[in-house]
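Presented sequentially are two complexes of chain A, the first with chain B as partner and the second with chain C.
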Partner chain A sequence: MNTIILSAIFGVVMMFTGIFVENKSAYRHIAAIALLLLLGFNIAESGHYNIFKIDTGYFLHFEKFGLLFNSVCIFSTLIYVLLSGRDIEKVGKNVAESFALIFFVLCGVGISTSYTNLLMLFLGIEIISIPLYILTGSEKRNLKGNEASLKYFLMGSFSTGIMLMGIAMLYGSGGSFLVEKLSVARLSYLEALGMLLIFFALSFKVSVAPFHFWTPDVYDGAPTVFTSFMATVVKVAGFAAFIRLFESRYGSMGGQTEHLIALAIILTLAFGNLTAVFQQSVKRMLAYSSIAQAGFMMFALFAVNDTAKEGLLLYAAAYSLATIGIFAVLAKMDDMTFEGFNGLAKSQPLIAALVAIFLLSLAGIPLTAGFFAKYYMLSAIVKTGSYLGLVIIGVLFAAISAYYYFKVIQAMYFKEGEEIAFAPVTLTFKYLLLGVAVVIVVLGIYPNALLSLLYF
Partner chain B sequence: MIPVLLIVVPILTGFITFFIREERSAKAFALLSSVATLAIALMGVLMQNSKQLSFDAAWLQMLGSRFTLSLDGMGKMLTLLTAISFPIIFASTYNNKYKNPNAFYGLMLLSQAGLLGVFCSFDLLLFYFFWELALIPAYFLCSKWGGEKRIPVTFKFFIYTFAGSLLMLVGILYVNFRTPEHSFAISSLRNLNLGVKEENFIFWLFFIAFAIKMPIFPFHTWQPDTYEQAPTAVTMVLSGVMVKMGVFAVIRWLLPMFPDASYRMADIVMILAVIGMIYASLIAIQQDDMKRLVAYSSIAHIGLMGASMFTNNAGGIQGVIFQMFAHGINVLGLWIVVDVIEQQLGTRKFSQLGGLAQKAPTLAILFVVMALANVALPLTNSFIGEFLMFNSVFGHNPWLGAAACISIILAAVYTLWMVQKIFYGEVREAESRELKVPVNTQLMLVILAVMVIAFGVYPQPMINLTSDTVSKLIAQIK
Partner chain C sequence: MPIQYYITLSIVLFCIGIVGVLTRRNAIIIFMCIELMLNAVNLLLVAFSKMHNAGAVGSDANPTAGVDGQLFVFFIMVVAAAEVSVGLSIIVMMYRNTHSVDVNFLNRLKN
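Coming up: the complex of A and B.
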């Protein structure tokens, strides 16, 4: 509860600082401090320290997994604000409001990770989505951004409508919004249809194929800083919401959904990876790779066991941190094509090395967090005892993903380029990026550092 | 403690080397580090059944993986091979100039750490970690310091082996899931109880990964290009030591985990291996480039190991293990000569070379020793190994044995042709430049030649060293 209420309050506070504080660069410092507080109170809540004593009754239930997931999301946002705060300032006129919207998104994340009621799921997803429509279009003069924003808004509202329809059907057949009440031995047709519609809507939100078409355009059109936020924190929060729904539904749906999810996984992996291979721009490549990574996170929904939940948590951390790191560097560059990275290792040796670590992590090379993230996902499926073919398809696509991640490494290290237009970076930026890389490597050697918190 | 030191020393010194900007110091430091590793490996070889040879610590308890390192006979021999190779590589290429020498030598040492880790691990997940750790530095080494077409060629090599390792990862996950206590320890993996179909399936997941690494036909296509394009020092690591990872992994993991599937699949694997032997030998005959010739000859030799591993015969497996060491030494010698000629004369093409024996008689003699070892002439180290291996293949299936024997003749053809074209015959015009063999290189070649002959005349110590691995394996398979 701490996270939900505090993030909403901080969001409002940020909006007011926009009126009272003139200095633009003060906003990101205030935001960072607020995020730190938020993180502290969220962690405190797992130690049963609540500031707000509210009976959330049948709406929300706070448990270790959801709270830890919040922590991962808040921590990633903190890193994001610290690394890219300066770039957020450059976008649009109303900087304070951008930060405020980020806090509102976190409020939605808090709800989505802990709901027990379908209405709360709806609220959580909507609270996440609406600020994103605004952030996407926050560059008023940017035509591509406006187009992306409108497109995102229209399609997003459409999918919200579908979700609402699904919820209504479930309510109509069972007479309850409670997630756990839905566990009946057999689904009626109405319920099955309702579940299917919710599945489609959530798939849209986390850009799972075949509901992914908005993703490349929106990620490419939005200002690079906000793409970073959308592709990481928001996406993994969507998966947290997804797995909470499936956790309770799984027993009753059994074999009926397995094929559906398997199909979605294969489509997502195939589409994301195969299109990413042919991209010329690193930004678009990352957009497609985020679809491919979503395919891997879908493995958790397929397996829904303890390993899958642990894996999703690890995946959220590994994927978010690495992607935020790469986007932070990308925002400093003028030329976002692969050629733009040529010879980066020579002009910026440290940054190039760190980006290489992030890319290795995304590709899932051992000694990085990304390896264990993928490991847990694959292991979760193997533990179900069947569907080994799906695992093999998964790893083959992982090998393909190495192709486009390594193209960036090749450009940085093995190709000679002209002088790279690289915006000056502060020493703090470098150290922070180094810190993120250290976290990734530590999780890659000892993932229990994060996972043991689940059983703490 | 010995296996831990073997891994920690190159990792630490490797990272330190990255920060030594000055070329001479970086080189000297790397050489020093590799000599230190050699000393530790020798200590390991000389120790008998001591507690110092194994190490076990908790690592990933939630996953059931432990940090278990140990040295058995085969492990001792391969760590020794790795530890011998690196100082020889560093010393014989001491005069070569590299851009960013600190990164070059640092990556070399890191890759050595990965190799040593592979040979010491007794935990499957740990093994996988080191398997990848050896690959990544090799990828960077080849792409950064290689020849003209290095980037696409190395990329092919990387994607190939990475895809193989990922398939192996699926296999690892599966066998882990099927052990009662969800463990990765070799002791529990030996007692897997799998059904026929699943065992066959998982066998292939592992075998493809190992076959790509070795490489066995038809997974070999990355190898000649990579060897050609890689800087010669790295080619030495790749062909001298890294391909042994695949052979080693079959004997350490594949055969004990899936003895029945290995028996069932033996014929298919052996046929593939023998096809590869003949095919590679035939291509080797047509090559005009020294590096490519040695690369194909290497495929042929590894093919024989691949065939012999699956014969279920103690002699054959003993031969494979012995030959891993012998082949490492021989191929290292051949590469050193290739490197000298390329560095001094600027070409590797037979069509531009000839009559070098007149200019460099010592080099010619040393090269002939290496070449004869490559043909497996009696009194060279390869003879023992190849004899044992051919014997076992023959015992398994005379027709296959006979087909494999063709490759002996072909090996003699291409190897002796190579000697003839480079060192004898008339002096070519491109050759008018002087050929001065540096003292350090010559010294290394002498050491290698001595080893070739010493183990050819008296192989018993090596066989004694590894007999424990063989008898344990055979007892388990039967």
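Coming up: the complex of A and C.
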């Protein structure tokens, strides 16, 4: 409860700072402090320290997994604000409002990681989505941004409509919005259709094929800083909402849904990876790679056991941190094609090395967090004992993904380039980036550093 | 009236909404069709709410049965209003830049 209420309050506070504080660079410091407080109170909540004693009865239920997931999201946002705060200031005129919207998104994240009622699922997903429509279009004069924002808005609200229809159908057949009540042995047609519609709508939100088509356009058109936020925190929060629905629900459904999810996984991995190979722009490549990574996170929804939940948590941390790091560097560059990275290792040796670590983590090379994230996902499938073919497909596509990640590394280290237009970075930026890389490597050697928090 | 009438009506409205979103090219009309979808859901929820209430009165006589369906409708209305305010401003911003609300103009992002 701390996270939900405090993030909403901090959002309002940020809006008022926009009125009363003139100094633009003060906003990101205030936002960082607020995020730090939010993180602290969220961790305090897992130690049963609540500021707000509210009976959330049949609507929300706070447990370790959801709270830890919140912590991962808030921590990633903190890193994001610290790394990219300066770039947020460059987008649009109303900087404080951008930060306020980021806090509102975190409020939605808090709801959608711990709902027990379909009403809260709907509210959580909407509170996440609506600020994002605004953030996507926050560069008013940029036609590409406008287009991305309109497209995202139309697609997003269309999928909301579909999700609501699914919820209405579940209500019609069961007479309740509670997620647990839905688990019955036999499924009526109305319920099955309702679950299917909700599945489609959530697939839309986390860009799982065949509902991924808006993703590359929107991620490409949005201002680069906000693409970073959308592709990381928001996407993993969508998966947290997804797995909560699945653990109480699809477990009892058996057979048919497994086929459906397996199909969605294969399609997502195939579309994401194969299209990413042919991209010229690194930003667009990362958009497709985020679809591919969504395919890997879908493995958790297929398996739905303890390993899968641990894996999803680790994946969320590894993927978010690495992607935020790469985008923070990308936002400093003018030329976002692969050629733009030529010879980066010469002019910015430290940054190039760190970007290489992030890319290795995304590809899932051992000694980085990405390796264990993928390992947990695949071993979750092995534990279910069925569909072992999926594991082979997963490994194959992971190998393909290495190709386009290594293309960037190759450009940085083995190609000569003319003088790179690289915006000046501060020493703090470099040290922070180094810190993120250290976290990734530590998680890659000792993943229990994060996972043991689930159990004590 | 039997519940089937309401269900049929709202399914028909929902389908009109979906077909509209998929075929029309004017951003405002697409937006109206999305609103139509949301309102079809509202209608369905209210109908189901009434149905569950009528069903409960016979067996365990709980007068508040089915109220949560109507509660949900209010939330949908509020969220839809928030979406309208954001969506229309996005469309206005788009119109100021391109002097058109035709979504066929939205092809700058391909490739």
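Basically, the second predicted complex is superposed on the first by the 456 of 456 C-alpha atoms of A that agree within 3 Å, B and C clash if a C-alpha of one lies under 4 Å from a C-alpha of the other, contacts with A are read in each partner's own complex, and residues count from 1 in each chain.
FYI, a residue touches a chain if its C-beta (ideal position, glycine included) is under 8 Å from a C-beta of that chain, and two chains touch if they have at least 3 such contacts.
Just so it is clear, the model here is predicted, and its values are computed rather than measured.
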| item | value |
| --- | --- |
| Superposed partners chain B and chain C on chain A - clash or fit | fit |
| C-alpha centroid angle, chain C to chain B via chain A, nearest 10° | 140 |
| Partner chain(s) touched by A:Val441 [first = chain B, second = chain C, both, neither] | neither |
| First, second, both or neither for A:Leu196, with chain B first and chain C second | neither |
| Which of chain B and chain C A:Leu36 touches, first, second, both or neither | neither |
| Partner chain in contact with A:Phe158 - chain B first, chain C second, else both or neither | second |
| Chain touching more of chain A, residue-wise (chain B, chain C) | C |
| Partner chain in contact with A:Val382 - chain B first, chain C second, else both or neither | first |
| Which of chain B and chain C A:Tyr403 touches, first, second, both or neither | first |
| Partner chain(s) touched by A:Ala44 [first = chain B, second = chain C, both, neither] | neither |
| Superposition-derived minimum Cα distance between chain C and chain B (Å) | 26 |
| Residues of chain A at both interfaces, chain B in one complex, chain C in the other | none |
| In the complex, chain C residues that touch chain A | 7, 14, 17, 21, 27, 30-31, 34, 37-38, 40-41, 44-45, 48, 51-52, 55, 65-66, 68-69, 71-72, 75-76, 79, 82-83, 86-87, 90-91, 93-94, 97-98, 103, 105-106, 108-110 |
| Residues of chain B defined as touching chain A within the complex | 59-63, 128-129, 132-133, 136, 140, 143-144, 150-151, 155, 158-159, 162-163, 166-167, 169-170, 173-174, 176-177, 201, 205 |
| Contact footprint of chain C on chain A as seen in their complex | 119, 122-123, 126, 130, 133-134, 137, 140-141, 143-144, 146-151, 153-154, 157-158, 160-162, 164-165, 167-169, 171-172, 175-177, 216-217, 220-221 |
| Complex contacts: residues of chain A adjacent to chain B | 310, 360, 365-367, 375, 378-379, 382-383, 385, 388, 391-392, 395-396, 398-399, 402-403, 406, 410, 413-415, 446-448, 451-452 |
